[in-house]
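Next come two complexes built around chain A: one with chain B, the other with chain C.
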Partner chain A sequence: MKFQVERDVLAEAVAWTARALPARPALPVLAGMRLQAGEDLTLSSFDYDVSAQASLPVAVEEEGDVLVSGRLLAEITRSLPPRPVEVHTDGARTILTCGSAQFSLLMLPAEDYPALPDMPPAVGTVESDVFAAAVAQVATAAGRDDTLPALTGVRIEIEADTLTLIATDRYRLAVRELRWSPAKPDLSAAVLVPGRALADTARALTAGAEVSIALALPGENGDGMIGFEGGGRRATTRLLGGEFPRYQALLPDQVNATAELPAALLSESVKRVALVAERNTPVRLSFTPGQLLLEAGTGDEAQAAETLEASYEGDDIQIAFNPQYLLDGLTVMDSDTVRISFTAPAKPAVITGKPAADQAPDYRYLLMPIRLGG
Partner chain B sequence: MSADVADDAGCHILHVDMDAFYVSVEIRDRPELSAVPVIVGATGGRGVVLSASYSARTFGVRSAMPVMRARRLCPQAVFLPPRHDLYAAVSKEVMAIFRAVTPQVEPLALDEAFLDVSGALRRVGTPVVIARMIREQVAEQQGITCSVGVANCKFVAKIASVHCKPDGLLVVPSGGVLAFLHPLPVSALWGVGERTGQLLARLGLRTVGDIAHTPAASLQRELGVAHGSHLAALAWGRDERAVVPHAPEKSIGAEETFASDVDDPGLIRRELLRLSQRTARGLRSSGCVARTVVIKLRLANFTTITRSRTLPEPTDVAHKIHETACALYEAAGLDRARLRLVGVRVTGLVPASAAATQLVLGEQPTAWREAERAVDKITRRFGADAVRPAALVPDEHDRQHGQTGSGGRDDGSWSRTDG
Partner chain C sequence: MLAAVRIVIARCSVDYAGRLTAHLPSAPRLLIVKADGSVLVHSDGGSYKPLNWMSPPCRLVEQPDRWTVTSKSGEILTISIEEILSDASFDLGIDPGLRKDGVESQLQETLAAQLSVLGEGWRLVRREYPTPIGPVDLMCRDGDGVSVAVEIKRRGEIDGVEQLTRYLELLNRDPLLAPVRGIFAAQEIKPQARVLAEDRGIRCVILDYDALRGAPRDEMTLF
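Right, the complex of A and B next:
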């Protein structure tokens, strides 16, 4: 095997593929990244739950198929000087040369490397940057607690030309609707995708204009799988099982008060005030006409207060939130102005951008308050 | 007196120990009892003696002895159920007397504490003057007596207070530590219980002096490195541990010794429910919520296991405490071991008004809390048995076997320690 490639092109493709390298490989060969040089160079990694594959154009002098330590290759390519890279095999070693730097890597037995799962059938396409932004908006609300595996997932509902992404960790819930182009106009399905893997994949697939989504529903062929492909990259992820909460019932069906204010000012103020909020302690929001008072800290601890101008309609309300949860929602809001709707102090607040007149917001972030005192 | 004062140079550690604390408090409130032997202990079938008056001790009654045995040894004694709230309140006053002398107070229990008085010497007087002052103030203000050991280190001070009980004061001068220690039996040393005592006896070591004159290497070989060198150091009067001031952690809890050992997980979970309820009731009435749930499991062979778990949010809800207690019990993996005692305790108390609860989407946040508060109101009006979880209603089985009887067992044996 022998090929030449630009340093940045190689480094980026290796870094992307290295995402699927298992931290604790079930088999020694799974710590490897497979390099297949044919017409193009194809890089692969796999840990049975997720797979990643990147294809990139390189100048191939001699075809070949090698397996080297993925972690080491990623670290090396990240640190190379900005010079063309040449890779070739020499007996039992793979030699990587860049400028005057040379690395000689041990080869793992490529013949033992498991075949990557076939890409399931494509079911439609979506704009890559819209998809990445939507996934980021939703994945922030996904649970991190592996004892509740279903809540670590993002639910993707497909209904004709609408994708709905939902995630919740029981304290907040994020819902995003977006348009896509289904292969079949009457497609209807719902799957649960591991949240962290989905967020990583979506963020990394913005190289191409579109992402193709491929789906194998759970059934006789196993757990089901979702695949994403675009810009020479493809990734597959095994679907999660388990019961996802019936989120529709959680969306408040009435609004008693609404506040609107600049998103950036609000997040900055929450961050400032929260400096005195120790672990698990809330920021308190008091809305009165024209004004929002933010406070944190109690009693004999440090305290902070700040007021912001805000348009507010409704009875005065006092409500408290986990500052990090509040910031998570504000940070991913795709609008300069946020709207916060309240039903009651013990009911979820709904945070959205300010939609154009008579349009429903396409992103909603529900946040349960913190109840103070006894 | 002048001799004492001359001898106490360098003796900056005081060990203050209340004399027969629970009994003394009871007698203070009912002076007519001072003429008879008095024993405080749970009056149920398998309760143990918590405190015995000195006259009861002359009959061989000791702390931690089963009450049944104490009754046989001293049938004429007056047996009283414990009033933990009262003892905690008296203890708080006594500790306040200590803290007026020095902030360097390390409470060991409700009824004893170490004081490092080196910072108070210039202001108050020599260690003996301070010890006398504390004894006078405790007697005048609380109507009970205490004994004080004065020495240059913690464990000698502790042995000294044991030595001068009751109502005594003993100074072990720095130069006289070895003369004081060496004739004592080995059991006087911390870390010498029944088993170590037997082991030492087999080696022919009966007094502290015998230990002191045994090579440290031999002790380490017989007792293990840590324990052996620990005893060697103590035998030479060396104890480097400082007095560590701390407020005793606030906690609320309840425990139950079964009438006979229990191995049925269902019954144990039910007892945990009863104890969780009692604990939660105590929390609510004190206006606190707690962050950590601790369970105590004592096996039939007296091995005691404790397990604890800190909750994501503090609670005062019995349902939550019970759920956690059961999870801890199951995680202990006892596999139907026979239990003699189970206990539930909560620590990490904070005022409920300062506590915050992250609400959960789609859950009625207040359901259990409100239900339990409603029960509190009913029981205040109609008594403890008016309302209770269905699992705690005695059924035929219980009546036949008497394992979870009600009545006398709910007599408030949850306790609150509060320095």
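Right, the complex of A and C next:
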């Protein structure tokens, strides 16, 4: 095998592919990254749950197929000087040369490397930027606790030309609707995708204009799988099983009070006031007509208070939130103005951007308050 | 007063000779001599860790101004005592041991008392229902009178599913019981274990121990 490639192009593709390298490989070959030089260079990694593959144009002098330590290759390519890179095999070693630096890597047995799963059939495409932003908005609410595996996932509901992404960790729930282009207009499906893998993949697939989504539903052939492809990169992830809560019932159908205020000012203020909030203690929000008072800390500790101008309609309300959860929702809001809707101090609040007139917001962040004085 | 813990506050210096040598200059310190023979030297800091210690089996030879603790392998801890400020012994009796919440026996007891978690109208046949290869945690009858064997784990892994599968295989040979269905209940169930269990028609149930015990949650959740 022998090829030349630009350092940045290689480093980026290797870094992307390295995401699917298992931290503790069950089989030694799974620690490897496969380099296949044909017309293009194809990089692959796989841990039986997640696979990643990147194709990049390189100048191939001699075709070949090698497996080298993925972690090491990723660290090397990240640290190379900005010069063209040449890779070739020499006996049982793969030699990587860049400028005056040379690395000689041991080869793992490529013939023992498992075949990557076939990409399931494509079901539609979505704009990569929109998709990445939507996934980031939702994945922030996904659980990180493996004792409730279904809650570590993001549910993707497909209904004709609308994708709905939902995640919840029981303390908050994020829902985002977005348009996409289904391959078949009457497609209807719902799957549960591991949240962290989805967030990583969506963020990394913004190189191309579009992301193609491929889906194999759980059935006789296994757990089901979702694939994403765009800009010469593709990733597959095994779907999660388990029951996802019926989230529609959690969205309050009645609103007794609504506040609107600038998103940036509110998040900055929450960050400031929360400095005195010990772990797991709330920030308290008191809304009165025209203003919001934020407070944190109690009598025995440091305390903070700040007043913001806010438009507010409804009876005065005092409500308390986990500051981090509140910030998580505010930072992913895609609007300069946030609207917070309340039912009661012990009922979840709904945070949305300020939608254009007569339009329902496409992103909703439902946040459970913390009991005051408890 | 042999089987007692002895607590001494003394101004002392300590020398240790063994795999390495260490010296603690003179200062007031807390010396603990436990009934198992171990000797611990504590300062008023450094958290739970002693500055120096000797694990049993070891021998303590006490002279008025010097304690010598010798271990089996020949390490020597020498405590040179300048002044004893306090010396007290207490017989603590037999320790009941550390009890952890949420162990399997407690989960079994708690779930047996609240079978409604599994379904309406369920009855307990008995806990520790015997089979030829060991007892299954709970044997129940569901609302329709069908036998259900429940295996309870703290962490549900594949070997727990295999264990329940073996019980079910044997229990289903009993014409008075058969058909026996299975439930795999745990505080957390590994995805692989869940896949295997569900593939074998075994229902998986996540046990929320705090909720089962009726412990008040201090956090409010959406569901």
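Definition applied: the second predicted complex is superposed on the first by the 373 of 374 C-alpha atoms of A that agree within 3 Å, B and C clash if a C-alpha of one lies under 4 Å from a C-alpha of the other, contacts with A are read in each partner's own complex, and residues count from 1 in each chain.
Simple rule for what comes next: contacts are C-beta pairs under 8 Å (C-beta built on N, C-alpha and C of every residue); 3 or more make two chains touch, one makes a residue touch a chain.
Computed from a predicted structure; not experimentally measured.
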**Message:** Following the superposition defined at the top, how do chain B and chain C come out on chain A, clash or fit?
**Reply:** clash
**Request:** Pick one for A:348: touches chain B only (first), chain C only (second), both, or neither.
**Result:** both
**Message:** So in the superposed three-chain picture, is A:148 touching just chain B, just chain C, both, or none of them (first/second/both/neither)?
**Reply:** second
**Asked** First (chain B), second (chain C), both or neither: which does A:245 touch?
**Response** both
**Asked** Thinking of the overlay built on chain A, is A:281 touched by chain B (first), by chain C (second), by both, or by neither?
**Response** first
**Prompt:** After superposition on the shared chain, which partner residues are touched by A:371: those of chain B (first), chain C (second), both, or neither?
**Reply:** both
**Request:** Determine, under the contact definition given at the top, whether A:173 touches first (chain B), second (chain C), both, or neither.
**Result:** both
**Item:** Where chain B runs into chain C (options 327-335, 345-353 or 381-389)
**Value:** 327-335
**Fill in**
The intersection of the chain A residues contacting chain B with those contacting chain C is 168, 170-173, 245, 250, 346, 348, 366, 368-371, 374
**Asked** Okay, in this complex, where on chain B does chain A touch?
**Response** 287, 289, 312-313, 316, 352-362, 365-366
**Complex interface listing, chain A residues touching chain B** = 168, 170-173, 245, 249-250, 280-282, 298-299, 320, 322, 346, 348, 366, 368-374
**Complete:** Interface with chain C, chain A side, in the complex: residues 146-149, 168, 170-173, 223, 240-242, 245, 250, 346, 348, 366, 368-371, 374
**Message:** Looking at the complex, which residues from chain C come into contact with chain A?
**Reply:** 187-189, 191, 194-195, 198, 206, 218-223
